[in-house]
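Should a chain be cited, it is by its letter among A, B and C, assigned in written order, with residues numbered from 1 in that chain.
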Amino acid sequence: MNQRKTTLHMAGAKKAGTRLVLLLFTVVVLLPIIWTIYTSFKTTTEFLANPWMLPKGLYWPNYTNALEKGNMVAYFKNSIFVTLLGLAFLVLLAVPTAYVTSRFKFRLARPISLLFMSGLFVSQNYIVVPIFLSLNKVQNYLNQYVEFQHLKLTDNLIILALIYAVCSLPFSIYLLSGFLKTIPDEYENAAKIDGCSYGQTLFLVIVPMAKPAMVTVLMFNYMEYWNEYIMATTLMQERRWTLPVGLVNLMEQQKFATDWGAMFAGMVIVMLPTMIIYAFVQKRLTEGISMGGLKG
Amino acid sequence: MRNIKKILALMCVASLGTAMFAGCTKVSDVPQNSDETQAAEAGEETATDGSEKVLNVAVFQGGYGREVWDTLAERFEEEHEGVTVNVTANPKLGDVIRPQIMSGNPPDVIFLSATNESGVLQSLIQDKALECLDDVFDDEMKAKFVPGSLDAPTISPYGDGKIYAAPLFYSTMGLFYNKTLFAENNLEVPKTWDDFFELGDKAKEMGIGLFTYAAANDPSYNEIVFNPAIASAGGPELLEDCFNYKEGAWTSEPVKKVMGVYQKIADGGYLLDGTLAMTHTQSQEQFLQNKSLFIPNGNWLENEMKDTPRADGFAYGFTGIPVFEEGDTPCVWSNIEEIYVPSAAKEIDLAKEFIKFLYTDDSIMTLAESTGAIPPIEGAADLTKSVLSDSVYETYAITEKGYTPVTGGFAMTEQSEISIRDDIYNTLNSIMAGEKNVDEWSELIESDSNKLSEIVLK
Amino acid sequence: MAKVNTKLAGKFSKSKFQRKLFIAECTVPAIILFAVFMVYPAINVFYMSFFKMSSLSLEKKFVGLDNFKVLISDTKFWQVFRNQIFFIVVVTIITIILALFFAALLTNSNLKEKPFYQTVFFFPNVLSLVVISTLFIQIYDPSKGILTATCNALGIQVAEQGWLGMATSSRWCIVAAMVWQAVGYYMVMYIAAMDGISKDLYEVADLEGMSKFKQFFAITMPLMWEIIRVTIVFFIISTINMSFVYVKIMTPTGGPDGKTEVFLTYMYKQAFTNSNFGYAMALGVFIFLFSFALALISDKLTQKETVEY
């Protein structure tokens, strides 16, 4: 009895210790963000005082400055568009390929998956310029023809989304294949007996089962697309910039204009929508990663 | 029966294929079928071209801001019927226009100086992709310019006297200080480096730094000190030799003496704390707060910092670079900012017209008024004196105080992995951090210089 | 009888054909797009590395392997190489250890606020790298940053020349930002893996009197080794790419004494600031081969018999 009590006590102490460590890291994660938020309301003179100090009031002109100078609303729309479209392209391309190469036995299965695997080592960052040059060549060629007179391949959000999707194919196929391999054959056989075509089997049987892995893949890539900076700066002109490009631009402007307030406000503007969305989907999100995991 | 099925299936595959390549086949069909429409459209285009021309002007959005360019564009539009001027202004202008240049659609006029990190002007020179501006610079025009200002390697890069970039702004750069702070503390503007370091000790007593600069994003602001100091210690010929990669120039005594100044700033603890992590505006901000006695800078400083809070009674003062021995020629750095026309531009004539327009008295006044910058034209400083602020006028008048302006730039070379400016100024940061010494510094630059001397553009 | 046979044969060949058709439908679009947007540009990088050209006109002059010869003798490049290795090794190790630590802590403790920690720790991942870099610049700022202010308040000696200004501290500043961002993500992944391990194993171990600490190395680690392996390989590649954005924004000049310059920032500098495009492409080729080799090596080194209980 007594011994039991002490173990309970010890467990309690342990729990407290665990909590302490976890809370410490919570502070490390949250503090910079909270600091950014309240600092964004400081006036220029308040910036010269102790950085920890709270602002005396809410100084909103920082936000109007950032929105006007930074054009953040438009960039936000562009970012959402590219990310969602990129994910749609990705699902359409990656899921069928991963399915076929991982579960069908045919002569080219291995070469195809190796081909995509090799793409894992090609970084977007150094194929940007060749892509840009080729797109321009094709565009100049196509522009000779009436139908394509006004076609733009660079500075085109749809193409950007497509490039994002293609560049993330290697990793996504690699991940999905790993998961799809673990699905027992019985499901497909059953589907076959029920008279499902291959396409039906894929979309009605396999895809729902692969949901966790797909969520993982989508999450990985959502972040890739949302954060991507180099491709967007190179391919897009000012009107079609995405949020990261806009923020860097705001930061550059700040370097010449010393408008610290607008700069912090800009950061909050970029963070806030993500924070709100995250608040809604976080459960699904972490669950998705948990369920999908990286099953070999 | 079986065959029919096979054929049907094959047709399916084929149709799948054509669906995929539909775009392509259509393309090749189009020109034959629709020559007419194409011609009509082309005609339409030339028609609009005739009445309406668009001039794309891309300008670096730095200390000078963008408003002045909008004003000038508007005036140019008024003077030229049917012309629209599009101004693109961006602090990362290089990143913005590089894709345009690569795709063969460059802006018509580019204002982005050779000292910018983007390297756009250097690339255009190396590729021989700049439009010759001799039309703009006829003899009459040339005569107006300050002697030497049209010979710089970025202005006339190929050594044939032809001008490929126009020197739009000319400025004299040196050390800024706060007149009020100096007066209150009985400090004297230094003539020699010894005076300078004496001030350093006083600064220490006052609990502030002697010197600060844009270490984190642009340590090359130090050319304002470094280059004229070399010219003053070893004569302008030595600086010339350094710029032309002459053997031994970078390991010569005078150069090492100049490098030693930085060593001394570092060793003596005269550098303002935190400088190495500051961008140019951050260091300027500290300077305005009386945290440092001196900052090397140019005449855009006042305009760039116009909205920044400063110490009470702050008054800009400006001086040249100290000398080693009394009797040495005191020097200041003068710099030219280029404006140029890529040869692939659509509106070359209009672009040249625009550059000419910038050199008219009216434009000079407008530019001077809002940026404080003037072109290297004889008498421009006096012309604009009424609209220049005192500190800015002082930068131009420094030559009257006995300071000789020196200028120049590294001889252009073929592509190389070496970036000698980076090596000089990033190592300067390392000196300041106490991580390298003068000998290592001068040897590194000498070895760069030897390699570059072999690939100088002729 | 014969009739039946043909029918069967017909059905068989039809399904075989449909199968092929399906395989083609599934793979061909992806392969074509992949070839257009990745393979072809990558080949182009190799191709252009044999030329001398600038970043703007791309007028080429064939120079054979000259760019690679330059690369071998370029002392700057080898410094960049060492920096990159530093980031790969340090960031990977710290992140994975912290992620495993927090994952183990959360799985074992059964705290009721576990989802809260998970949510918070994961949060930095939804922020753009650009935001994170900008945020950390502000934290490290010598006059406006909270780090210096805090150190001053606590009486801790601070880096006199600013955290990002000194060669010794600047790279650790970037490491901190990278770790801050990545820990949560890997933690969530590891938690998933740990949750997947049967509780029975731990109960048996408990009965045998094995400490939690020992259990971690005897049960948890071997069983989730496969996942750790995959994350390591993934992490190495992503570190090469992500360090680029951090460095480009936090230390635009490549840091004091070039201490934070990494592969891709150096490549960009050569391509654009230095207008030496051919050489930059040679660097690109090197980076490709390097990351490929590194991934293979780390995959081999971490290869163990997959354990299944």
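Note that in this section a residue touches a chain if its C-beta (ideal position, glycine included) is under 8 Å from a C-beta of that chain, and two chains touch if they have at least 3 such contacts.
Predicted model, so just to flag it, every value in this text is computed and none were measured.
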Contact graph of the chains (line, ring, star, complete, other): complete
Farthest chain relative to chain C (centres taken as mean CA coordinates): B
Chain A-chain B separation of Cα centroids, rounded to whole Å: 37
Centre-of-Cα separation between chain C and chain A, whole angstrom: 14
Touching two or more other chains - residue numbers and ranges from chain C: 25, 29, 55, 58, 141, 143, 148, 277
Sites on chain B at which at least two other chains make contact: 102, 217, 285
Residues of chain A touching at least two other chains: 48, 133, 248
In the complex with chain A, residue positions of chain C that touch it: 18-20, 22-23, 25-27, 29-31, 33-34, 36-42, 44-45, 48, 55, 58, 102, 105-106, 109, 111, 115, 117-131, 134-136, 138-139, 141, 143-146, 148-150, 153, 180, 184-185, 188-189, 191-193, 195-196, 226-227, 230-231, 234, 237, 240-241, 244-245, 249, 264, 267, 271, 277, 281, 284, 287-288, 291-292, 295, 306
Interfacial residue positions of chain B with respect to chain C in the complex: 1-2, 5-6, 9, 12-13, 16, 20, 94, 98, 101-102, 117-120, 122-124, 126-127, 129, 215-219, 271, 273-278, 282, 285-286, 414-419, 422, 426-427, 429-430, 432-433, 435-436
Sites on chain A touched by chain B in the complex: 44-45, 48, 132-133, 136, 139-140, 142, 144-149, 154, 233-235, 237-238, 248-249, 252-259
For the chain A and chain C complex, residues of the former touching the latter: 14-15, 18-19, 21-22, 25-26, 28-33, 35-36, 39, 47-48, 50-52, 93-94, 96-97, 99-101, 104, 106, 108, 112, 115-116, 119-127, 129-131, 133-134, 162-163, 165-167, 169-171, 173, 197-199, 202, 223, 226-227, 229-230, 243-244, 247-248, 251, 260, 263-264, 267, 270-271, 274-275, 277-278, 282-283, 285-286, 289-296
Residues of chain C that touch chain B when the two form their complex: 6, 10, 13-14, 17, 21, 24-25, 28-29, 32, 52-59, 70-71, 74, 76-77, 140-143, 148, 160-167, 251-254, 256-258, 269-270, 272-279
